[in-house]
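Note that the chains take the letters A, B, C, D and E in the order they are written out, and that residue 1 is the start of every chain.
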Amino acid sequence: MDKSSLIGVIIAVVCMGLVFVEASHGHLAMFLSVEGLLMVGGGSISVCFIAMPMEKIKCVPGYMKRFMFQKGRSAVEVVQAMATLGEKARRDGILALEPEIEKLQTTDPFLASGLRMAVDGVDPEGIEATLRMEVMAMQERHKAGKKFFDLIKLYGPGYGLVGTLVGQVGMFGNLASADIGEMGHALATAVTATMYGAIIANAIAGPIGDKLALRSSDEILGREMMLQGILSIQAGDNPRVTLDRMMAFIPVASRAKLQMAA
Amino acid sequence: MDKSSLIGVIIAVVCMGLVFVEASHGHLAMFLSVEGLLMVGGGSISVCFIAMPMEKIKCVPGYMKRFMFQKGRSAVEVVQAMATLGEKARRDGILALEPEIEKLQTTDPFLASGLRMAVDGVDPEGIEATLRMEVMAMQERHKAGKKFFDLIKLYGPGYGLVGTLVGQVGMFGNLASADIGEMGHALATAVTATMYGAIIANAIAGPIGDKLALRSSDEILGREMMLQGILSIQAGDNPRVTLDRMMAFIPVASRAKLQMAA
Amino acid sequence: MDKSSLIGVIIAVVCMGLVFVEASHGHLAMFLSVEGLLMVGGGSISVCFIAMPMEKIKCVPGYMKRFMFQKGRSAVEVVQAMATLGEKARRDGILALEPEIEKLQTTDPFLASGLRMAVDGVDPEGIEATLRMEVMAMQERHKAGKKFFDLIKLYGPGYGLVGTLVGQVGMFGNLASADIGEMGHALATAVTATMYGAIIANAIAGPIGDKLALRSSDEILGREMMLQGILSIQAGDNPRVTLDRMMAFIPVASRAKLQMAA
Amino acid sequence: MDKSSLIGVIIAVVCMGLVFVEASHGHLAMFLSVEGLLMVGGGSISVCFIAMPMEKIKCVPGYMKRFMFQKGRSAVEVVQAMATLGEKARRDGILALEPEIEKLQTTDPFLASGLRMAVDGVDPEGIEATLRMEVMAMQERHKAGKKFFDLIKLYGPGYGLVGTLVGQVGMFGNLASADIGEMGHALATAVTATMYGAIIANAIAGPIGDKLALRSSDEILGREMMLQGILSIQAGDNPRVTLDRMMAFIPVASRAKLQMAA
Amino acid sequence: MDKSSLIGVIIAVVCMGLVFVEASHGHLAMFLSVEGLLMVGGGSISVCFIAMPMEKIKCVPGYMKRFMFQKGRSAVEVVQAMATLGEKARRDGILALEPEIEKLQTTDPFLASGLRMAVDGVDPEGIEATLRMEVMAMQERHKAGKKFFDLIKLYGPGYGLVGTLVGQVGMFGNLASADIGEMGHALATAVTATMYGAIIANAIAGPIGDKLALRSSDEILGREMMLQGILSIQAGDNPRVTLDRMMAFIPVASRAKLQMAA
């Protein structure tokens, strides 16, 4: 899990845990409601199944793993890698990149396939068209991942509301015969469903979806940089010029380090 | 019905059924309210009739069927079909596609009409203009289908709120003379309308609309692929290059299978 | 009134009427609140006057009439008309359209002025520029009409809320001295304002605005078809080709009929 | 103040006044709450100061004046003015516009500076670039004015909610020791803050912002017409053609009048 | 801190302070709730950590400082600076800008690097591409800063709602055994969480985010002006023409001053 997400999850768990314990004077079971879980959990899952095609649902565990473990290459690393490759191509000829491509095949297939085309002498328009379509397709896949969490964020609270209303109807229907303690329990159970809906939307699905979106645009930016780098390597441009242009996307603090290295 | 929608509907029905039974201690009649049904059901239908022209309303049963039974061609199948057609045209000449077109006439009129134009020697600009207009018109039709469910999702809860407010006005107006049991029943009935509105929006119209939107963009993508394929068949391009480019839209897992087949 | 709107209005009136009678046990006067009418009705009207310039407000009765009585030309009729005109121009020369233009002058000034320019030999760019500006201006006028209903949909419930809050302040301020019957009546009156706001937004202004928007885009599409048709008539194109291209926008069911007629 | 805004304000004041008097049985002081005013009024103002830079806040009194007194030139007047100028330039040569420019200097600096450039023989691209930048800058200034009212519309109700919650916390905290009359007053005061927020958003800031937006787009349209007119005057086009094209933006009712005059 | 933000913060603090004191009759501790702070404060922070990558979170203190202390160059200053540089380049040749570039290196690296390229004779397309990429990257960084406050504005109230619901569940669960004073305190504590959420969104994160957005677009506009200015200096244009065009973005009041100075 990347460090900031881990920290965020720990903060959320600690804060909510303390509040739960405090509000229930330690009787945490008070916050457990099977009806609420069925409504919000089952409802959210049912919405995802109804709204998304099977093949996209199958990718969801992959997105979850992606959210938790993948780190992605930072812009700094991409610029560095492109600069190294550019230097090598300029010094030893573009064919000298062959062994690099072999190594990249498994770690970064996008970069590898782009360089392969450059080495094979495919014309720049062809390289750009193929790689851009690859980027577009990646964007589509990311959107499908984000959609899953967006659906939960949108419909989870809706199902929570349904759960609360169902509970209230049940309670109001027995208003005459109920004593106040029973009524309190019924109300607590009813409100729990809305609470689950608010938690699933605000503490879980919402921030995960936001992170996936930020990561997606970072990756697209990184691939765009690679594309520019590959084209400029093939054209035999001075790698310094390309490097300078990409530098704009590097935070100022990291720039000095990079320029020293270059 | 496609498998994931079916699973989703079953999950929703089971979860909500359990909660309903539990909350009413088995007296499910408690959740039946003629006023609520008239308000939310009648209201949603009236909004659709007021907002949409007759000819579009007539298409709604078709959308429902479409949601339940149609499977659509997956991107993998489209790529495979285009590759097969491309191979054939390259080997035996473009006229060899005539019998294929006959067969496609009923199963995929879009592809058939595009290939027909290619075989007839219509110029590429003409083919592209005609097919793109066809795609645009399809998109318009899909939007009209989605609009129906969007209207229900938007106005259903609104009518539910009206139902609840009407019930509350009735109840408050008789506050002095009512005993608590009567008042409880009145409140339960009033809340039921909001509950119906929340269910129709979150469990029914919302997810169906989302699925139609996802399917629509899948179909547009598929047609875009066919268009590119037809143009490249007419130009006599190497079908491998086209195939490679389309491959970007195929999930990685399915790619190996395809390349083996090709 | 077009048929589907009429049906929608009847459904809404019947459903809401039944619920009102049922909830008030026949005492419909219970739902009448002068304060609510002043707040929601007066407030919505005041917002429209504050937000829209006088000359646009004057057009509102026209929009209402438009919503109720105008039927608009369907895409099928437009395609048919353009096909007939195209056939005639091809057979008898473009000047043979003169008498048609006379007839169209009152029923369809847009088409008439476009054909007039074509017959007068205005260059295609000039025709396109003039007609497109006409379409853009029509779109602006439609937006102004939709704006009126959007304002009511947006601010009606807001004013309803104000009415309810005013009523609640009045009620809470007299909480000590009031008996429960009085309080109930005060609450009922307060809630009525929110109810009026919900009704005006969900049952009236919302769906009317949606219908105007759908009609507007239909009309723009129809005019776009006319524009294409006029240009292709002037260019002396084969009317079949134009017809085929427009066919995309005709529902499948109507296509066979059209092709038979052509 | 333009007539329709004035009418709208009067309607709002009368309707709300009647409801206030009725709901409080004449004790209007009931609706006065210093806490509510501090919260909603002070809060809205503080948000504007925090969110907008000083130089833009200084322009706010100007926007208010603009909302109340400025009438703006209607499209009809713009078309008329451009037609007159076009006629004159065609009859007496473009230099004959010099005295007109003098007169326009104070009433319409935009038109004056455009005509000045045309008379001075600046090339059309230069005129268009300069005037379009002027239009863009005007649009920016309008956006800043609308922003002010949008901020109030957005954050006013938020601060109203804070006020109500503060009041409720105060009330609930003293629940044990309070008699019902006190509690009623506390509740009334608390609700007043939400009421102020709803009024400031729905009756004041919302409609004013909408009117500014409509006026802004009208002015941009007018300036676009002037720009086209100036370019066609410089090109020596027949003013009738330009007039005809602009006619599209004139409501049908006003067209006959204009054409008679021309 | 820029003056208007400072004034806004003071107004907010004074108004809210007065209301807090008034509503609690001086017992401000009533509004302190550790649960609320944990929920809204901890929750908001956890969302930011979950949703944003570490490297962007590290920039947040910078954004805060930026909000409080940075003043930014006004459009007037930019125009003035560009006019001075343009005059100098025209009088003494472009190489005369060398010493100016030295001075700008630390205060405005963007302008310095652009002028450096102009002096070095980089072709205009190259200058524009490099500077525009720099502007785009700046825009990306600003978006990340705004994202932080948007997340708090969006999820703060959500966590506040969770806090209130948790409190209500706790309270309702003990409804039978609680006396009214206890219940009041429990309710007050529960409501406090929603209040914190409303305050953090409406009084803090919302307006700060709006200000950052406004500043961002101001800075982008300023850089766009610099870019145009640099290109026109390199082209040897008359600085007056450039100045005139930029003048459009200067408020009318400041124009006279500038023209006097020029």
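The rule is short, and it goes like this: contacts are C-beta pairs under 8 Å (C-beta built on N, C-alpha and C of every residue); 3 or more make two chains touch, one makes a residue touch a chain.
Only a predicted model underlies this, so the values are computations on that prediction, with no experimental measurement involved.
> Starting at chain B, how many touching-chain steps does it take at least to reach chain C?
The fewest touching-chain steps linking chain B to chain C number 1.
> Spell out the chains that contact chain B while also contacting chain E.
A
> Fitting on CA atoms only, what is the rotation between the copies chain B and chain D? Please report it in degrees, nearest 5.
To bring chain B onto chain D, one rotates by 145 degrees.
> Take the average of all CA coordinates in chain A, do the same for chain B, and state the distance between these two points in whole angstrom.
26
> Averaging only over C-alpha atoms, locate the centres of chain A and chain C and give their separation in whole Å.
The mean C-alpha positions of chain A and chain C differ by 41 Å.
> Going round the ring from chain A toward chain E, what is the chain order?
The ring, traversed starting at chain A in the chain E direction, is A, E, D, C, B.
> Which stretch or stretches of chain A touch chain B in the complex?
34-35, 38-39, 41-43, 45-57, 59, 129-130, 133-134, 136-137, 140-141, 147, 151, 154-155, 158-159, 161-163, 165-170, 172-177
> Using the touch definition up top, name the residues of chain A that touch chain E in the complex.
Interface residues on chain A, with respect to chain E: 2-5, 7-9, 11-12, 14-16, 18-20, 22-25, 27, 30-31, 74, 179-181, 183-185, 187-188, 191-192, 194-195, 198-199, 201-203, 206-208, 210-211, 214-215, 218, 221, 244-245, 248-249, 251.
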